[in-house]
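Chain nomenclature is as follows: A, B, C, D and E, assigned in order of appearance, with residue numbering initiated at 1 for each chain independently.
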Amino acid sequence: MSGLELRNIVKNFGAVEVIRDVSLAVNDGEFVAFVGPSGCGKSTLLRLIAGLDKPTGGSIAIDGKDVTEIGAADRGLAMVFQSYALYPHMSVRENLAFGLENTKVAKPEIEARITDAARMLEIEPFLQRRPGQLSGGQRQRVAIGRAIVRRPDAFLLDEPLSNLDAELRVSMRAELAALHARLKATMIYVTHDQVEAMTLANRIVVLRSGRIEQVGTPLELYNSPANRFVAGFIGAPHMNFLEGSIIGHENGYAEVETVGGHRLSVTARETRPAGERVSIGIRPQHITLADGAAAGRLDTRVTLVEELGSETVVHADASGKKLIAVFAGQQKMKSGDSLPLHLDPAVLHLFAEDGRRLS
Amino acid sequence: MSGLELRNIVKNFGAVEVIRDVSLAVNDGEFVAFVGPSGCGKSTLLRLIAGLDKPTGGSIAIDGKDVTEIGAADRGLAMVFQSYALYPHMSVRENLAFGLENTKVAKPEIEARITDAARMLEIEPFLQRRPGQLSGGQRQRVAIGRAIVRRPDAFLLDEPLSNLDAELRVSMRAELAALHARLKATMIYVTHDQVEAMTLANRIVVLRSGRIEQVGTPLELYNSPANRFVAGFIGAPHMNFLEGSIIGHENGYAEVETVGGHRLSVTARETRPAGERVSIGIRPQHITLADGAAAGRLDTRVTLVEELGSETVVHADASGKKLIAVFAGQQKMKSGDSLPLHLDPAVLHLFAEDGRRLS
Amino acid sequence: MAGKTVSSEPPAKAGLRQALSAPVRLVMGLVDIPMRAWQKLTGLNGMAGVFLAPNMLIFTVFVLLPLVINFIYSTTSGSAIFLPNRTYVGAEQYRILFDCGSYLDPSTCAADTFWAAVRNTAVFVVFQVTAMLIAALATALILNRELSNRGFWRAVFFFPVLLSPVVVGLIWKWILQREGLLNYALSPFGFEPFSWLSDRFWAFFFAVFVSVWAHMGFYALILLAGLQAIPKDLYEAAAMDKASPTRIFRRITLPLLMPNLIVVLVLALIRAVQIFDEVFVLTGGGPGTSTMYITQYIYETGFASSLRNPGLASAASILMGIVLVILTLIQLSASNRNEKKGKRQ
Amino acid sequence: GDVRIMWYSDGGEGAVIKDLLSRFSKANPDVNVILDEVSYDVVKEQLPVQLEAGKGPDIARVTNLKAQAQHWLDLRPLLADAKYWDDNFGAQADWMRPDGSNAITGFMTQLTLTGGFVNKTLFEQAGVEIPGPKATWDDWAAAAKKVADSQKVFAMAIDRSGHRVSGPNISYGANYIGSDGKPAPIDQGAKEFLSRFVKWNEEGIVNKDVWVSAAGTTYRAAAEDFINGGLAYYYSGSWQISAFAQKIGDSFDWVMAGSPCGTAACTGMLGGAGLVAVKYTQNPKDVAKVMDYLAGADVQKEFAERSLFIPAHKGVAAGQMDFKTDNQHVQAALKAFVESSGQTAAPAVKLPGWKWSDAYYSAIVARISQVIAGEMKLDDAYARIDEDIKAKVAGN
Amino acid sequence: MSAVGTFLLRRRGGRGWHWTDVVTWIWLISGVFLMFGPAVWLVFSSFKTPAALAEFPPSVLPYVTEQTVVPGHDKPLPLYNVVMPDGSSRVLAEVRRIGIMGQMVDPKQPGEIVKVNIKDRTPVRKVEFAAGNYTEPFQRFDFFLFLRNSVFVTVTATAITLIVNSMAAFALSKYQFPGRTAVMLMILATLMVPLSVIVVPLYSVIGTLNLFDSLWGVILPTVATPTGVFLLRQYMLTIPDELIDAARMDKASEWQIYWRIILPLSAPALAVLAIFSVVWRWNDFLWPLIVLSRKELYTLQVGLNVYAGELNVQWHYILAMTVVSMIPVVLIFVFLQRFITTGIAGSGLK
């Protein structure tokens, strides 16, 4: 399997519109990540694909076959629920075996797959326990295991690693990638973790309030976000935006006046009338310290320093506008220091007032 | 409030030892993060502090008063449950109000606090909904809100942000920091997110299999992990470890032979006999590209490249040993490339065979 | 992290369970084959029909059909038992029941005993159901606490349910009669022997008391199961929220128990309206007709004497049924509102 | 073939009949007699349903004989000696056959007769003379009240039953049966006694509890009070004898004193249970064989003597009875009943075979107890009694 | 904590007695007296002779008058405490009673007859259990046959009740289909007319189906009990739908969801219904009475009822047999009540 196609999906809960006209095609074997702010409709979309809910409008096709009216059990998918939904009365082993028994997999094969999955998820010691006797992260791994053992044509994973520690998350990520490579199964993956989305996905779907904002490969989204929302959403800490207005255009560059009368030139595909409000985006990682009195230097004052060990996040104030910059390693800055910053025109993004990308 | 003291806490579930002799003092107003692998006992410890479970051994004191026998309701703490534990039959507003009504807070005050919390948590639109009608992240925010409105002397937060998107998580983090500053409440915070732990906590407690491995400020843990476990656990991706053996000592440096006969010198506090097995740790962010034929250069081959946009994670193979390196920005490497690496002695960590830190 | 108390079984016991479950699995597996086929054919909605079918079949034949026949009875007269031998009289039986000078004064009715029974039943139901609900709820709440010897305490309160109504009536009659245990126990305090059951108030009181005594365990058990189903973590959350026991009860327990409380309310009401056996043995409906309830009236009219009047009895039972349906509808509409509330997720 | 007998017991008679039947079985291996012992409820509530459905046992012990007469089998053509039956059971044959027929459907397993029991010891202790055979109800009431006052017990009690007060009613001249065979309105005779009875209840001469402590037609006996020595005079019936023998034992002396007199007679009420053959049997011949055996004089005598019953068999009753008990009170009481059965007034003999007697009994007991409970005036009660009976007649 | 205190582990944490603990205790203790007391009394009464049963004021323990063998008398004589005219009291045996005077002898000096007014004597009594109340019925009828029938009816009816009702309850709680409310209402509405009222129509149905005089005729009409459907349905409403979603994703058929997810999670409610069903079917009286007319098919309750005659009820036997027939249900209760434990349905969810 399994190409998946969503056509004009709409889903309402009573008066609440949760999914508004979503169309998307997922190729067979593709790894697609759904990202978007909390409550944007990711889980709902997953449930619609799974067949657990019926869309209010639109249709869903799997492998070209319309499955809109087909029940969840007959769509051949496996799902990791955001809430785990483990069978509380079954041991971990039984939880894992249940789906296999349903599809009449032979006993030894079941045994083998469970052993396999348990090793991979590091839950061997708990196979005899009930979900109620597990920690949050252990439960989550069982939930993943339940989907994995099934070896379905397609996986639907709803924030499967959210409750795991960093180390485990890295190894689970690798396991999922390996699994994807091995099974060649389509995977649809909801996550809030940028690293997961960036490293695992072939394509990322950015959702916002039930609409798709952009679909693209991770680097496409990172480097050329279609609009200000995507730009802000992809990348952590989020992109800094400086409001400003067009002064003029020159060789594909737009001259923009921004905070404190500061002028910046940004690549621009379109010519916009002078005076139009635009915003300039710059990722915190792209901000560098200005050495000396270089042109384009932006004077700021440090308001907060967050030491992450491997990098330092600096919150700075530029004429009342808050900026975040990330510097590698541990820096000797502290709150109140003055901080001259350099914004390289090459890494700036330009967005129109309606959020559309201009650069 | 509220100094907290745990003295030799032990907790068993039947035959399973979950917490083994944990002693810890938390100062009034301190922000302490509990981190550790999934299943290490963080939630259990939190529940013990809360008074929801009784320790099998040891005692708990709050503000110097032994509260081991005192019930949860009388300890004056507020908790965000890992599983949320929202009241399913109450609207979000009622969920938030419940704790306040219990303590006979005046109606307008309740109203004010709910409005406040709802704004901060961005859940105003859902105040009339039941938890069942919310997304995972929205529920989690309600769970946080329930604790926040109470303005207790101490907070216990069990992975409160795990289901939120990156952007929201950043803003929630800031809100929690502000709250901590404003209320001066003690906070105990379980998290799997390194950034949260590093940025929020005054001190981090690293747990492993029910034991405390190290307690210290974030940078202490990052820069001088007490042992190999802590070193590996703090920092993402995790620290690389190269097995090797002592060759000799010289001016506080130890000469170590490691993979592929490669020799490295590392600062060492202790002199260990030559031939002893040790391991050298180096954080992925500290690995740099070797320019030319510099000494100490390590020849590796790229096996996997993960592009995160702002940085690139490179998995490399050094004579059969896997190494991970993180480079800023987007790199032009691809799998199979040869990659000469430089390991600066200044950023190397040395650990004894039993894991103890030597450098 | 709810359910910390769930303990894993010892391996031996688990093994036994597995062994025992093997035949069950086999049977259920066999049933699954046609079930799956049917599901393929009809989808989920068709399955609802399958699950309902056995019950509905038995139900229609053995419950619904007799009820319909019962209704037809109410339109006939005579003492013959089987329908074909009876004469159709239309609404005559209902006319007799409703032939009243004033509905407020039973003595002006042709069927004065019927109306007296109706009035008695109404009063009885109000008090009995209230008392029953309170007692059952209190018992369930207390049995829900972490008691040691749980089985023993449960048995204590459930025990009377095991007794047949006749034995129940009899035990209490022996206790309450003039020369009974109660008077005997009271005599040291200077009480003169008193015929409790010959006094209108006390007879009513004990009719309520004994019927509550006899059935309370039944409802308490239903409520107990409901209480145990309330997730522990909500109580933990409430404890963290500094809720007092009363507030936990009002705001957590009560609303989450609602589905089961509705069961108890509906059943208790229906059974209170139908009260018969134990009160019949206890008071016989006396003193006078003060504890004569509607079912006793029906029984007396339709079955007790050799000159039965099943038509009139059926008509009375149909009227009673209609009243009950209305009362139940009212309760259920309340429950439907609560159904959504009580749902987790 | 099979012959099923549905049988209920009030006391030890089940064991006796079992014994007798086993003798029959030995002698008649071709007839398979099965005794289904049941509670009286079965006979009262289940049997009618079965009968109307054309099913049921082959033989049954029944009290409601007349109303179900259409279901009984006419044994006359099947019996070896119908005349024997007519001679010995003819007096009650009408109770168990449709009006106007001459069928032989069965026989009474026992006769019961209502009458008064006296706690002799209480009378002695109070120094009150026990009233003589011709004493009236008023005399008894007066004497019993004296005993009651002196011994701090209740004076009198009458079972809560329409049947029980009908004897006294008839003694005061009551006649329930109208000229058309349908129920007559309640007459002065009945009112004579009933008004007395109500008055005695109000005055505490009669223990009010008995009648007040039930509604409708529910039967309530006052035997317990008597057994416990708390009652001077108890008007009940012959069936109490064996229970008294068992429960009173040696606690006090008691005697059976027949029925007190009214203005018209000194009668009790007859009653009893009959053993009848059921029309729907598959083996009428075998049924007749069994019935014939059970109706035999020896069998009848043994049954009565061992069960402590008053025999219905004329020949046996006329002969010398040797009741199997060593309790002299019982011997005496049984003899007294056998004797007083001769004094039964004509209307009292007729009532057990009258279709509407039950309607009359029920109405009386239901309404009079309402009067005693203070729910109703006596005159209203009389009116209600007539209406109730009318409704019953109309409904059937 | 006292020994009593350890008997009751309190749920609310903390030291000392919370008011809820006090209420609990009062309730439990009065429960023992009020709920259990009459039952204990019932058990003791079942060992009483008919005379002792009829006795007022009633005693708790079964007493009989003590007897002794006195030389010169064939039969044992009853013993009495006698208050002598001089105020002293003696234990004498009564030879016979004439009117209000008893003729007594002192067992130690058999020759001399003492005349005593019966008001001055009280029987010397001892506790004695009338085992005959138990043994005689056993000898008299086919107890084990009745027992077998009862067990068959109870077990079969309970099994069918549980399966059929839980299936219906599943459909009514977890499916949305048109007419769902109507079905629910119809099921409930039939609770409204008591069995005793529809006995005759039911009898015609049974007759038509040829189930008369068959244990199945006893079983079938009772198994579709609305109580069970209603009870189970309301309980199943509390099982999170997400578990069913998960099972559907696991390719479970609806039947598998029913028996592998819903049934185990409804265990507490099923246990309650099983207890009820066992109690009901075991104690059923009216209905079997109607359907069964042959003693080979009698259930215990029907069989035991032979002691209820028209004019006389032999309570001593009935009580004894009530106690005997209660034993199995008590045991079953004790076994099944274990399953009424913490519902765990919520713990698989976040």
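Keep in mind that, in the parts below, contacts are C-beta pairs under 8 Å (C-beta built on N, C-alpha and C of every residue); 3 or more make two chains touch, one makes a residue touch a chain.
Just so it is clear, the structure is predicted and the values come from calculations on it, not from any experiment.
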item	value
Contact-graph distance - origin chain A, target chain E	1
Per-chain Cα centre nearest the global Cα centre, belonging to chain	C
Chain pair with the higher count of C-beta pairs in contact (C-E, D-E)	C-E
Computed distance of Cα centres, chain C from chain B, in Å	56
Whole-Å gap between the CA centroids of chain C and chain D	39
Geometric centre distance via CA averages, chain B-chain A, whole Å	22
For chain C, residues contacting two or more additional chains	1-4, 6, 8, 44, 81-82, 179, 231, 233, 256, 303, 342-345
For chain D, residues contacting two or more additional chains	45, 49, 53, 228, 230
Where chain B touches two or more other chains, by residue	13, 43, 51, 71-72, 74, 82-83, 136
Interface residues, chain D side, partner chain E - complex	4, 6, 8-11, 14-15, 34-46, 49-50, 53, 55-57, 63, 112, 120-121, 124-125, 221, 224, 227-228, 230, 237, 239-240, 243, 246-250, 253, 273
Contact footprint of chain B on chain A as seen in their complex	13, 35-39, 41-44, 82-83, 133-138, 140-141, 158-159, 162-170, 192-195, 198-199, 218-219, 222-223, 232-238, 283, 285, 306-311, 313, 326, 328-330
Of chain B, residues touching chain C in the complex	13-14, 43, 47, 50-53, 71-74, 76-79, 81-83, 85-90, 98-99, 101-103, 130, 132, 146-147, 150
Residues of chain D defined as touching chain C within the complex	45, 48-49, 52-53, 64, 67-68, 208-209, 212-218, 220, 228, 230, 356, 358-359, 362, 366, 369-370, 372-376, 380, 384, 387, 391-392, 395-396
Interfacial residue positions of chain E with respect to chain D in the complex	50-51, 54-56, 78, 94, 97, 99-100, 118-119, 140-141, 199-200, 203-204, 207, 212, 289-290, 293-295, 302, 305-312, 314
